[in-house]
Amino acid sequence: MNWTANEIMVVAAARRLAGERVCFVGIGLPNLACSLAQRTVEPSLELVYESGAVGARPQRLPISIGDPCLVSGARSVTSQFDLFAFYLQGGRVDVAFLGAAQIDRRGSINTTTIGPYERPKVRLPGSGGACEIALNAAKVFVIVPQSPRSFVSRLDFVTSPGHVPGRRARGGGPDTVVTQLGVYRFVEGEMTLVSLHPGATLEQVQAASGWEVAVASDLVETPPPTAAELADLRALDPQRVYLG
Amino acid sequence: MSKVTTMSEAIGRLVADGASVAIEGFTHLICHAAGHEIIRQGRRDLTLCRLTPDIVADQMVAAGTVSRLVFSWLGNPGVGSLHAIRRRIEQADPAPLEIEEYSHFGMVGRYTAGAAGLPFFPLRSYEHSDLPRANPRIVPLPSPYGDDSVYAVPPLNPDVAIVHVQRASAEGDAQAWGLLGCQKEAAFAARRVIVVCEEVVPESVIRADPNRTLIPNMIVDAVVQAPGGCHPSFVQGYYDRDNPFYLDWDGISRDPAALEAWLQEWVYGLADHAEYRARLGAERWAALAPGEAWAPPVNYGSYR
Amino acid sequence: MNWTANEIMVVAAARRLAGERVCFVGIGLPNLACSLAQRTVEPSLELVYESGAVGARPQRLPISIGDPCLVSGARSVTSQFDLFAFYLQGGRVDVAFLGAAQIDRRGSINTTTIGPYERPKVRLPGSGGACEIALNAAKVFVIVPQSPRSFVSRLDFVTSPGHVPGRRARGGGPDTVVTQLGVYRFVEGEMTLVSLHPGATLEQVQAASGWEVAVASDLVETPPPTAAELADLRALDPQRVYLG
Amino acid sequence: MSKVTTMSEAIGRLVADGASVAIEGFTHLICHAAGHEIIRQGRRDLTLCRLTPDIVADQMVAAGTVSRLVFSWLGNPGVGSLHAIRRRIEQADPAPLEIEEYSHFGMVGRYTAGAAGLPFFPLRSYEHSDLPRANPRIVPLPSPYGDDSVYAVPPLNPDVAIVHVQRASAEGDAQAWGLLGCQKEAAFAARRVIVVCEEVVPESVIRADPNRTLIPNMIVDAVVQAPGGCHPSFVQGYYDRDNPFYLDWDGISRDPAALEAWLQEWVYGLADHAEYRARLGAERWAALAPGEAWAPPVNYGSYR
């Protein structure tokens, strides 16, 4: 069986959605992970999009979080005020996916600038809803390609706080980080490798990180994607728009 | 997963003695059927949260189920007073009634803060009124941006919200039209939600017009079908307000014995709201039926 | 020509709506005044009801501010949050009508209790939206039957503040008070008789007031209701539900 | 009174040099037609308020109309970067661009405070993030009820809001369905409002479904009919997003000469949006047409 880095990331994330109910989701790999979870471990997962679509049932692969296919056939469409106030801040979101340009060992995320804020080397999109998502969702999942550029010891800008000292937010903060090398969870607020993907090594993990990554004492190998998982996933993105 | 159940089961399971219960609906969608079932089950010490305690509140207070009101306007709308409630407030007859009083926007703000997980809601009201003196939970709040100030009200998170709507799916996605009051805010603020509807419809009906969904199933604990359940209040497009009942209530409510007799006949003496509906009779329902006025079609588009 | 006290109150209030645009209205006499103004001095007056009906066009006489006849055919129906936040507090309301059990010389209004708040002699409905209306509408109009019991020197409870010292509200406060005896406006925050209805006397005004009422130096007599005004008005309430 | 006018007249009358302009719409109902007319009329020094500056913002910035952005997410959604804007922020090329940055809920809260006449809006965000450091207008605010605190954002009251909807009456009552973003809040917050619509409909259509009205005529200053005016963005039920355009924009926007040529061809070189629409061609519009998916009927009832 062969699979790509994107495929194992999506499969590993999807499995972690077992038992969850309401998922705040972005477009791309997170959306694929949720759709896969609906077909495998969690058929009753409800997808909520930042755009206001609730319980969407798209008839095609959405190309943006505001794709009209997320509206037609949804359970509800809500204003952004209601979405952020009543769903997110009101504590109704069990899991939210965030992307990251940079992430640190506490799970804090930068999506704002590379280099100083005032005169950035690269101007990234900024927060969008990420800052409030990071502080209010019960759990945060991150899917991010791991490299010394993304796994950094110090963020250029904290867009979305993780398990920072003194955190008082109601949301539980980062719960799971999935990369092409493995799955991380947080132990006393520290990102900790709990599962290594087949073929990946601890040396690769370390080389792709800007700090000495903690490793769980009961580290396991990620069970390889099953044929059924891969078939479901590939059917979701037949043109490999996001799977690459 | 279907959440459809009976009113009796929903109230029995979700409304406990001592609970705070929001029954909202601003003149429209006031769920009398739920109030009657609460009376029938003999609940005690409830805190009733409602902008406008009206006939159903007078009945619940008279029946001894409610010991505390959180409200902003108290009366029989278009008619006058609620005499059972007035007796308790003015003369502690037969017992005192605790009240916690706001203005309408204060109550709406309280539900909004409760729904949004905020520790307060700011509004431009109350300055120079006696309300903050009567209710010390209404407090001034200076703006963090300098020379301006507002008042704050605290969040309201009822144990249960009971929301009547025109139609809902078995899973609990609820759609309403006409006056929406603060049904949405109350539902999101509550720990448990009972949706009562005129009609249970297939999920496909809900999904064909998602902008009409007021309350999503993810926050709903029970769905009860109770056609006519707002009588003598009204449901837009389904039945009109039964105004003679509002006028009659004035006399009934003035006389404790008449009120008790009414409760015996129309609540304790009936098994459920279906019996109430039948007892009102086809003629009375026919008189309340509105003509037709259909909304023009809108196309959501099919995107495949 | 004959008319009743209620009729001249409605006619006098309707005339004062000339030039106004958005009116926040209750049921009963205020509603009749607005409907009459639409048929006479201000056809483009838009009626906004506390219940959320905006630009209502009722096909019958509404029996409550939430009458379904205010919804069918309205321009818009809005949640109470939007109504209070965006219309009223947002400064979109030009004139709002308030009722009064007691009113004082500053136009402050009591609709809460007769007697002490804790153990009232008469428990009245309370504020509803009146407190925020009094503070946020550009102008407040009051229609109230005048007597020593309603025109008092000291309110038992201030539900809706008028031109009190130190007032900082954005709304302009009480503008016009109409009784069965005359029309009052506010001069430096003091309720001042500006127009005496035909047949009414200054002595009656004074006898029906709990304080020495200020009288405008250019006091006029209210022009009597015209035949057209009375015909329009009586057609609006043929069963005299509110006209009595 | 009809407020129907041309885009040229509305922009000419209501958008002045130096104005703050909100063009909202979250992926949906983004009024490119208005942005193009602003460019065509050569406005300067605008502050563009928009949660998600995307292609039309990149165009307006590239054309030199915008000197300041108030925003929460900056990018070509689903594709990548806005290169004209990045050049100005990263290299001040050809000039610096002032930015004032929030999160999405911060921007929504700002419009809400602006619409509601509040001096601030409270929200649970920003704690421990660097955003309050980058933008000192984001400030902490302790709860007046003790041990809790939130952050506040200041009201946003744009000089003009431009809101695209599916249908509006000539007087300006505007109805929309699908994703509503914060169009309503932006419109109520603004001093002037331009409604742009796919269709001008008789007032009776609006009045037959008042719950769909997003924006009431009383706050509207001009109504412009511009079918297709959101292209390459979409209008639910009318046309789909033109995704190839979004992909193409990445290349165009990377190359200042290509961008200038695009503006010449598609904005300066055309008299108005009707010409833009015609130039796109019937085939391209046909490819964007969705299938039908009609909302089920609802009865408002006739009450006489």
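The letters A, B, C and D name the chains in turn, as written, and every chain counts its residues from 1.
One rule holds for everything that comes next: a contact is a pair of C-beta atoms (placed from the backbone, for glycine too) under 8 Å apart; a residue touches a chain by one contact, two chains touch by 3 or more.
Here the structure is a predicted model, which is why all the values come from computation and not from measurement.
The minimum number of touch steps linking chain B to chain C comes to 1. Look at where the CA atoms of chain B average out and do the same for chain D: the two points lie 37 Å apart. Chain A and chain B have Cα centroids separated by 40 Å.
Mean C-alpha position of chain A lies 28 Å from that of chain D.
Among the residues of chain A, those in touch with two or more other chains are 53, 67-68, 71-73, 77, 85, 89, 136, 170.
In chain B, the residues that touch at least two other chains are 112, 117-118, 123-124, 177-178, 180, 184-185, 208, 211, 236, 240, 290, 293, 300-304.
If you check each pair of chains against the touch rule, the ones that pass are A-B, A-D, B-C, B-D, C-D. On the chain D side of its complex with chain B, the touching residues are 117-120, 122-124, 139-141, 143-145, 148-150, 152, 154, 166, 177-178, 180, 205, 208-209, 211-212, 236-238, 240, 290-304. By the touch criterion stated above, chain B contacts chain A in their complex at residues 1, 112, 115-118, 173, 184-185, 188, 203, 206-208, 210-211, 213, 216-219, 300-304.
The touching residues of chain D, counted against chain A in their complex, run 26-28, 51-52, 71-75, 77-78, 81, 85-86, 89-90, 101-105, 108, 112, 123-131, 134, 177-182, 184-185, 234, 236, 240-241, 243, 290, 293. In the complex of the two chains, the chain C residues touching chain D come out as 21-22, 44, 46, 53-55, 57-60, 67-69, 71-77, 82, 85-86, 89-92, 136, 170.
Residues of chain C that touch chain B in their complex: 27, 50-53, 63-68, 71-73, 77-81, 84-85, 88-89, 108, 112, 117, 119-123, 125-132, 134-136, 157-161, 164, 166-170.
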